[in-house]
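As C-alpha coordinates, here come the structures.
Shared chain: chain A. Partners: chain B in the first complex, chain C in the second.
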Partner chain A sequence: MSSTSNFLAEMTNSPVVVKLQHGLEYHGVLASIDGYMNVVLKDTVEMVENNKVRNYEEVFLRGNNVLYISQK
Partner chain B sequence: MSESNSTSSEPLDLIRLCLDEQVFVKLRGSREMVGKLHAYDMHCNMVLSDATETIFYTEQDSPEIKSRTKKSDMVFIRGDSVILVSDAANV
Partner chain C sequence: MSDIVLPLELIDKCIGSKIWILLTTDQEFVGKLVGFDDFVNVVLEDVEEYEGDKLISKRPKMLINSRQLAMLVPSGERTSSATKQLD
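Now for the complex of A and B:
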(Lines of atoms letter the chains of each structure in order from A and count residues from 1; the text may use other names and numbers.)
(Lines give C-alpha, C1' and ligand atoms only; values in the text may rest on other atoms or scores of the structure.)
Protein backbone atom coordinates (compact mmCIF):
# COMPACT_ATOMS: atom_id res chain seq x y z
CA MET A 1 0.00 0.00 0.00
CA SER A 2 1.38 3.39 -0.94
CA SER A 3 2.06 5.97 1.73
CA THR A 4 -0.52 8.40 0.34
CA SER A 5 -3.32 5.88 0.63
CA ASN A 6 -1.98 4.98 4.10
CA PHE A 7 -2.42 8.61 5.00
CA LEU A 8 -6.03 8.52 3.82
CA ALA A 9 -6.78 5.19 5.50
CA GLU A 10 -5.37 6.45 8.80
CA MET A 11 -7.66 9.46 8.68
CA THR A 12 -10.81 7.34 8.90
CA ASN A 13 -12.92 8.14 11.96
CA SER A 14 -11.23 11.51 12.39
CA PRO A 15 -12.61 14.95 11.57
CA VAL A 16 -11.68 16.14 8.08
CA VAL A 17 -12.37 18.86 5.55
CA VAL A 18 -13.07 17.77 1.97
CA LYS A 19 -12.88 20.55 -0.59
CA LEU A 20 -14.39 20.03 -4.02
CA GLN A 21 -13.26 21.60 -7.28
CA HIS A 22 -16.21 23.96 -7.44
CA GLY A 23 -15.41 25.52 -4.05
CA LEU A 24 -17.82 23.58 -1.85
CA GLU A 25 -16.37 22.35 1.43
CA TYR A 26 -17.58 19.49 3.58
CA HIS A 27 -16.62 19.37 7.25
CA GLY A 28 -17.30 16.02 8.88
CA VAL A 29 -15.95 12.75 10.23
CA LEU A 30 -14.39 10.48 7.60
CA ALA A 31 -16.37 7.21 7.67
CA SER A 32 -14.80 5.53 4.64
CA ILE A 33 -12.75 6.17 1.53
CA ASP A 34 -11.75 4.14 -1.54
CA GLY A 35 -9.09 4.29 -4.23
CA TYR A 36 -11.16 6.67 -6.38
CA MET A 37 -11.34 9.08 -3.43
CA ASN A 38 -15.03 8.43 -3.16
CA VAL A 39 -15.72 9.44 0.42
CA VAL A 40 -18.41 8.96 3.03
CA LEU A 41 -18.58 11.59 5.76
CA LYS A 42 -20.71 11.56 8.92
CA ASP A 43 -22.22 14.53 10.73
CA THR A 44 -21.30 16.81 7.88
CA VAL A 45 -21.69 20.53 7.35
CA GLU A 46 -21.68 21.84 3.78
CA MET A 47 -19.92 25.20 3.51
CA VAL A 48 -19.77 27.73 0.67
CA GLU A 49 -17.37 30.63 1.23
CA ASN A 50 -17.41 29.97 5.00
CA ASN A 51 -21.20 30.00 5.20
CA LYS A 52 -23.06 26.92 6.38
CA VAL A 53 -25.46 25.73 3.71
CA ARG A 54 -26.74 22.37 4.82
CA ASN A 55 -26.21 19.51 7.26
CA TYR A 56 -25.99 15.84 6.34
CA GLU A 57 -26.13 12.96 8.80
CA GLU A 58 -24.22 10.84 6.30
CA VAL A 59 -23.12 11.80 2.81
CA PHE A 60 -21.37 10.18 -0.17
CA LEU A 61 -19.03 12.39 -2.20
CA ARG A 62 -17.94 11.19 -5.65
CA GLY A 63 -14.15 11.10 -5.87
CA ASN A 64 -13.69 12.90 -9.19
CA ASN A 65 -14.89 16.18 -7.66
CA VAL A 66 -12.39 16.12 -4.77
CA LEU A 67 -9.71 18.82 -4.68
CA TYR A 68 -8.23 17.89 -1.30
CA ILE A 69 -8.89 16.05 1.95
CA SER A 70 -7.42 17.67 5.01
CA GLN A 71 -7.26 16.64 8.67
CA LYS A 72 -9.01 19.11 10.93
CA MET B 1 -6.17 0.76 -2.12
CA SER B 2 -8.37 -2.30 -2.27
CA GLU B 3 -5.55 -4.72 -1.35
CA SER B 4 -5.75 -3.97 2.36
CA ASN B 5 -9.38 -3.60 3.24
CA SER B 6 -9.10 -3.48 7.01
CA THR B 7 -12.19 -1.28 7.23
CA SER B 8 -15.02 -3.52 6.06
CA SER B 9 -17.19 -0.80 4.54
CA GLU B 10 -16.50 1.19 1.40
CA PRO B 11 -18.11 4.46 0.34
CA LEU B 12 -20.53 2.91 -2.19
CA ASP B 13 -22.07 0.86 0.66
CA LEU B 14 -23.83 4.05 1.72
CA ILE B 15 -25.60 4.20 -1.64
CA ARG B 16 -26.52 0.53 -1.37
CA LEU B 17 -28.20 1.26 1.97
CA CYS B 18 -30.29 3.92 0.22
CA LEU B 19 -31.85 1.46 -2.27
CA ASP B 20 -35.65 1.80 -2.25
CA GLU B 21 -35.31 4.94 -0.13
CA GLN B 22 -35.70 8.59 -1.03
CA VAL B 23 -32.29 9.96 -1.96
CA PHE B 24 -30.97 13.47 -2.42
CA VAL B 25 -28.45 13.83 -5.27
CA LYS B 26 -26.45 16.97 -5.98
CA LEU B 27 -25.46 17.26 -9.63
CA ARG B 28 -23.19 19.35 -11.80
CA GLY B 29 -24.79 22.36 -13.44
CA SER B 30 -26.49 23.63 -10.23
CA ARG B 31 -29.03 20.84 -10.13
CA GLU B 32 -30.42 18.73 -7.33
CA MET B 33 -32.56 15.63 -7.63
CA VAL B 34 -34.75 13.89 -5.07
CA GLY B 35 -36.37 10.54 -5.79
CA LYS B 36 -36.64 6.87 -4.88
CA LEU B 37 -33.43 4.98 -5.70
CA HIS B 38 -34.06 1.87 -7.78
CA ALA B 39 -30.58 1.03 -9.03
CA TYR B 40 -27.00 2.28 -9.08
CA ASP B 41 -23.58 1.05 -10.17
CA MET B 42 -19.91 1.72 -9.46
CA HIS B 43 -19.95 4.83 -11.70
CA CYS B 44 -22.81 6.30 -9.64
CA ASN B 45 -25.14 5.89 -12.60
CA MET B 46 -28.51 5.86 -10.87
CA VAL B 47 -32.17 5.21 -11.64
CA LEU B 48 -34.68 7.24 -9.64
CA SER B 49 -38.45 7.10 -9.73
CA ASP B 50 -40.91 9.93 -8.97
CA ALA B 51 -37.95 12.27 -9.15
CA THR B 52 -38.03 16.02 -8.64
CA GLU B 53 -35.19 17.96 -10.20
CA THR B 54 -34.48 21.45 -8.91
CA ILE B 55 -32.50 23.71 -11.24
CA PHE B 56 -30.90 26.84 -9.79
CA TYR B 57 -30.18 29.81 -12.00
CA THR B 58 -29.68 33.56 -12.00
CA GLU B 59 -31.07 36.03 -14.44
CA GLN B 60 -29.00 38.76 -16.07
CA ASP B 61 -28.43 41.90 -13.95
CA SER B 62 -29.74 40.21 -10.82
CA PRO B 63 -27.74 38.38 -8.14
CA GLU B 64 -30.88 36.66 -6.88
CA ILE B 65 -30.76 32.87 -7.16
CA LYS B 66 -33.95 31.47 -8.63
CA SER B 67 -35.03 27.87 -9.06
CA ARG B 68 -37.45 25.84 -11.07
CA THR B 69 -38.41 22.19 -10.77
CA LYS B 70 -39.04 19.35 -13.17
CA LYS B 71 -40.71 16.06 -12.34
CA SER B 72 -39.94 12.70 -13.92
CA ASP B 73 -41.65 9.37 -13.35
CA MET B 74 -38.40 7.56 -14.00
CA VAL B 75 -34.99 9.00 -14.68
CA PHE B 76 -31.51 7.65 -15.38
CA ILE B 77 -28.69 9.84 -14.02
CA ARG B 78 -25.29 9.45 -15.64
CA GLY B 79 -22.69 8.96 -12.89
CA ASP B 80 -20.18 11.51 -14.09
CA SER B 81 -22.54 14.38 -13.26
CA VAL B 82 -22.99 13.26 -9.65
CA ILE B 83 -21.35 15.34 -6.93
CA LEU B 84 -23.01 14.02 -3.79
CA VAL B 85 -25.52 11.41 -2.64
CA SER B 86 -27.34 11.34 0.68
CA ASP B 87 -30.44 9.81 2.25
CA ALA B 88 -33.09 12.47 1.65
CA ALA B 89 -34.45 11.96 5.17
CA ASN B 90 -31.14 13.02 6.70
CA VAL B 91 -30.55 16.21 4.76
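Now for the complex of A and C:
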Protein backbone atom coordinates (compact mmCIF):
# COMPACT_ATOMS: atom_id res chain seq x y z
CA MET A 1 0.00 0.00 0.00
CA SER A 2 1.40 3.40 -0.94
CA SER A 3 2.09 5.90 1.80
CA THR A 4 -0.65 8.22 0.56
CA SER A 5 -3.44 5.65 0.73
CA ASN A 6 -1.96 4.41 4.00
CA PHE A 7 -2.25 7.94 5.36
CA LEU A 8 -5.88 8.15 4.26
CA ALA A 9 -6.67 4.79 5.83
CA GLU A 10 -5.31 5.89 9.20
CA MET A 11 -7.13 9.23 8.96
CA THR A 12 -10.65 7.91 8.44
CA ASN A 13 -12.99 8.47 11.37
CA SER A 14 -10.61 10.97 12.95
CA PRO A 15 -10.76 14.77 13.06
CA VAL A 16 -9.24 16.42 10.01
CA VAL A 17 -8.84 19.77 8.31
CA VAL A 18 -9.51 19.89 4.58
CA LYS A 19 -8.33 23.03 2.84
CA LEU A 20 -9.58 23.93 -0.61
CA GLN A 21 -7.58 25.74 -3.25
CA HIS A 22 -9.55 28.93 -2.72
CA GLY A 23 -8.72 29.05 0.97
CA LEU A 24 -11.87 27.67 2.59
CA GLU A 25 -11.23 25.21 5.38
CA TYR A 26 -13.50 22.41 6.55
CA HIS A 27 -12.92 21.07 10.04
CA GLY A 28 -14.70 17.78 10.60
CA VAL A 29 -14.52 14.03 10.95
CA LEU A 30 -13.33 12.19 7.84
CA ALA A 31 -16.10 9.76 6.95
CA SER A 32 -14.67 8.56 3.65
CA ILE A 33 -12.35 9.39 0.80
CA ASP A 34 -11.45 8.02 -2.62
CA GLY A 35 -8.56 8.17 -5.09
CA TYR A 36 -9.74 11.49 -6.53
CA MET A 37 -9.58 13.00 -3.04
CA ASN A 38 -13.36 13.31 -3.08
CA VAL A 39 -14.15 13.55 0.60
CA VAL A 40 -17.14 13.07 2.88
CA LEU A 41 -16.92 14.87 6.21
CA LYS A 42 -19.23 14.67 9.21
CA ASP A 43 -19.96 17.31 11.87
CA THR A 44 -18.18 19.89 9.80
CA VAL A 45 -17.47 23.55 10.39
CA GLU A 46 -16.74 25.73 7.38
CA MET A 47 -14.03 28.31 8.10
CA VAL A 48 -13.18 31.41 6.09
CA GLU A 49 -10.04 33.20 7.29
CA ASN A 50 -10.33 31.45 10.66
CA ASN A 51 -13.96 32.51 11.17
CA LYS A 52 -16.73 29.95 11.43
CA VAL A 53 -19.31 30.59 8.74
CA ARG A 54 -21.47 27.45 8.55
CA ASN A 55 -22.04 24.01 9.99
CA TYR A 56 -22.75 20.85 8.04
CA GLU A 57 -23.92 17.60 9.56
CA GLU A 58 -22.56 15.85 6.47
CA VAL A 59 -20.85 17.29 3.42
CA PHE A 60 -19.25 16.06 0.19
CA LEU A 61 -16.23 17.92 -1.17
CA ARG A 62 -15.20 17.26 -4.76
CA GLY A 63 -11.58 16.17 -5.00
CA ASN A 64 -10.42 18.60 -7.66
CA ASN A 65 -10.84 21.50 -5.21
CA VAL A 66 -8.84 19.94 -2.40
CA LEU A 67 -5.46 21.50 -1.61
CA TYR A 68 -4.65 19.34 1.38
CA ILE A 69 -6.07 17.02 4.02
CA SER A 70 -4.40 17.14 7.41
CA GLN A 71 -4.67 15.73 10.89
CA LYS A 72 -6.28 18.24 13.18
CA MET B 1 24.44 4.93 -16.60
CA SER B 2 23.83 4.20 -12.94
CA ASP B 3 24.91 7.70 -11.90
CA ILE B 4 21.83 9.16 -13.58
CA VAL B 5 19.35 10.16 -10.90
CA LEU B 6 15.75 10.02 -12.10
CA PRO B 7 13.48 12.83 -10.86
CA LEU B 8 11.38 10.66 -8.57
CA GLU B 9 14.50 8.89 -7.29
CA LEU B 10 15.66 12.20 -5.89
CA ILE B 11 12.37 12.62 -4.06
CA ASP B 12 12.49 9.02 -2.90
CA LYS B 13 15.88 9.72 -1.29
CA CYS B 14 14.27 12.55 0.68
CA ILE B 15 11.82 10.25 2.49
CA GLY B 16 12.41 10.61 6.21
CA SER B 17 14.08 13.98 5.94
CA LYS B 18 12.89 17.55 5.83
CA ILE B 19 11.57 18.92 2.57
CA TRP B 20 10.35 22.28 1.33
CA ILE B 21 7.38 22.31 -1.04
CA LEU B 22 6.33 25.22 -3.19
CA LEU B 23 2.97 25.46 -4.90
CA THR B 24 2.00 27.37 -8.02
CA THR B 25 0.38 29.90 -5.67
CA ASP B 26 2.29 31.79 -2.93
CA GLN B 27 1.74 28.88 -0.55
CA GLU B 28 4.62 26.80 0.79
CA PHE B 29 5.02 23.84 3.12
CA VAL B 30 7.97 22.64 5.16
CA GLY B 31 7.94 19.25 6.86
CA LYS B 32 9.31 15.74 7.08
CA LEU B 33 8.55 13.72 3.93
CA VAL B 34 6.66 10.54 4.81
CA GLY B 35 5.99 9.44 1.24
CA PHE B 36 4.42 10.15 -2.12
CA ASP B 37 2.55 8.34 -4.89
CA ASP B 38 2.74 8.19 -8.71
CA PHE B 39 1.00 11.58 -9.07
CA VAL B 40 3.40 13.05 -6.50
CA ASN B 41 0.63 13.62 -4.00
CA VAL B 42 2.76 14.10 -0.92
CA VAL B 43 2.44 13.08 2.74
CA LEU B 44 4.26 15.28 5.25
CA GLU B 45 4.74 15.17 9.01
CA ASP B 46 5.19 18.13 11.43
CA VAL B 47 4.17 20.56 8.74
CA GLU B 48 4.45 24.31 8.67
CA GLU B 49 2.22 26.07 6.16
CA TYR B 50 3.31 29.43 4.78
CA GLU B 51 1.51 32.03 2.73
CA GLY B 52 4.18 34.29 1.35
CA ASP B 53 6.57 34.61 4.28
CA LYS B 54 3.84 34.29 6.91
CA LEU B 55 3.51 31.08 8.91
CA ILE B 56 -0.23 30.45 8.90
CA SER B 57 -0.58 27.00 10.46
CA LYS B 58 1.15 23.96 11.89
CA ARG B 59 -0.23 20.46 11.39
CA PRO B 60 0.98 17.09 12.66
CA LYS B 61 0.42 15.23 9.38
CA MET B 62 -0.88 16.18 5.96
CA LEU B 63 -1.60 14.92 2.45
CA ILE B 64 -0.99 17.59 -0.19
CA ASN B 65 -2.75 17.35 -3.54
CA SER B 66 -0.35 17.18 -6.47
CA ARG B 67 -2.46 19.48 -8.59
CA GLN B 68 -0.88 22.74 -7.45
CA LEU B 69 2.51 21.35 -6.59
CA ALA B 70 5.31 23.18 -8.38
CA MET B 71 8.62 22.39 -6.69
CA LEU B 72 10.18 20.16 -4.05
CA VAL B 73 13.41 21.24 -2.40
CA PRO B 74 15.40 18.59 -0.51
CA SER B 75 16.95 19.41 2.87
CA GLY B 76 14.01 21.64 3.60
CA GLU B 77 15.49 24.90 4.73
CA ARG B 78 12.99 27.47 3.65
CA THR B 79 14.38 30.74 2.31
CA SER B 80 12.54 33.94 1.49
CA SER B 81 11.17 34.18 -2.01
CA ALA B 82 13.28 35.86 -4.65
CA THR B 83 10.60 38.44 -5.34
CA LYS B 84 10.59 39.34 -1.66
CA GLN B 85 14.34 39.89 -1.66
CA LEU B 86 14.09 42.07 -4.75
CA ASP B 87 11.60 44.40 -3.09
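Here are some notes:
Rule of thumb we're sticking to: the second predicted complex is superposed on the first by the 72 of 72 C-alpha atoms of A that agree within 3 Å, B and C clash if a C-alpha of one lies under 4 Å from a C-alpha of the other, contacts with A are read in each partner's own complex, and residues count from 1 in each chain.
Everything that follows uses one rule, which is that a contact is a pair of C-beta atoms (placed from the backbone, for glycine too) under 8 Å apart; a residue touches a chain by one contact, two chains touch by 3 or more.
Given the structure is predicted, the values throughout are model-derived calculations rather than measurements.
Within the superposed three-chain model, A:17 lies in touch with chain C and out of touch with chain B [touch as defined at top]. When chain A is checked against chain B and against chain C, the one touching more of its residues turns out to be B. By the touch criterion stated above, A:31 is placed in contact with chain B alone, chain C being left untouched. In the superposed pair of complexes, A:8 makes contact with chain B and with chain C alike.
Residue contacts after overlaying the shared chain place A:61 against chain B, while chain C stays out of touching range. By the touch criterion stated above, A:70 is placed in contact with chain C alone, chain B being left untouched. Touch criterion not met for A:53: it reaches neither chain B nor chain C.
Residue contacts after overlaying the shared chain place A:39 against chain B, while chain C stays out of touching range.
Touched by chain B in one complex and by chain C in the other are residues 5, 8, 64 of chain A. Of all the residues in chain B, the ones that touch chain A in their complex are 1-4, 6-7, 9-15, 44, 79-80, 82-87, 90-91. For chain C in complex with chain A, the touching residues are 23, 25, 27, 34-38, 41-43, 47, 59-65, 67-68.
Residue ranges of chain A in contact with chain B, taken from their complex: 1, 5, 8-9, 12, 20, 22, 24, 31-35, 38-40, 54-62, 64-65. Only residues 2-8, 11, 17, 21, 37, 63-64, 66-72 of chain A touch chain C when the two sit together in their complex.
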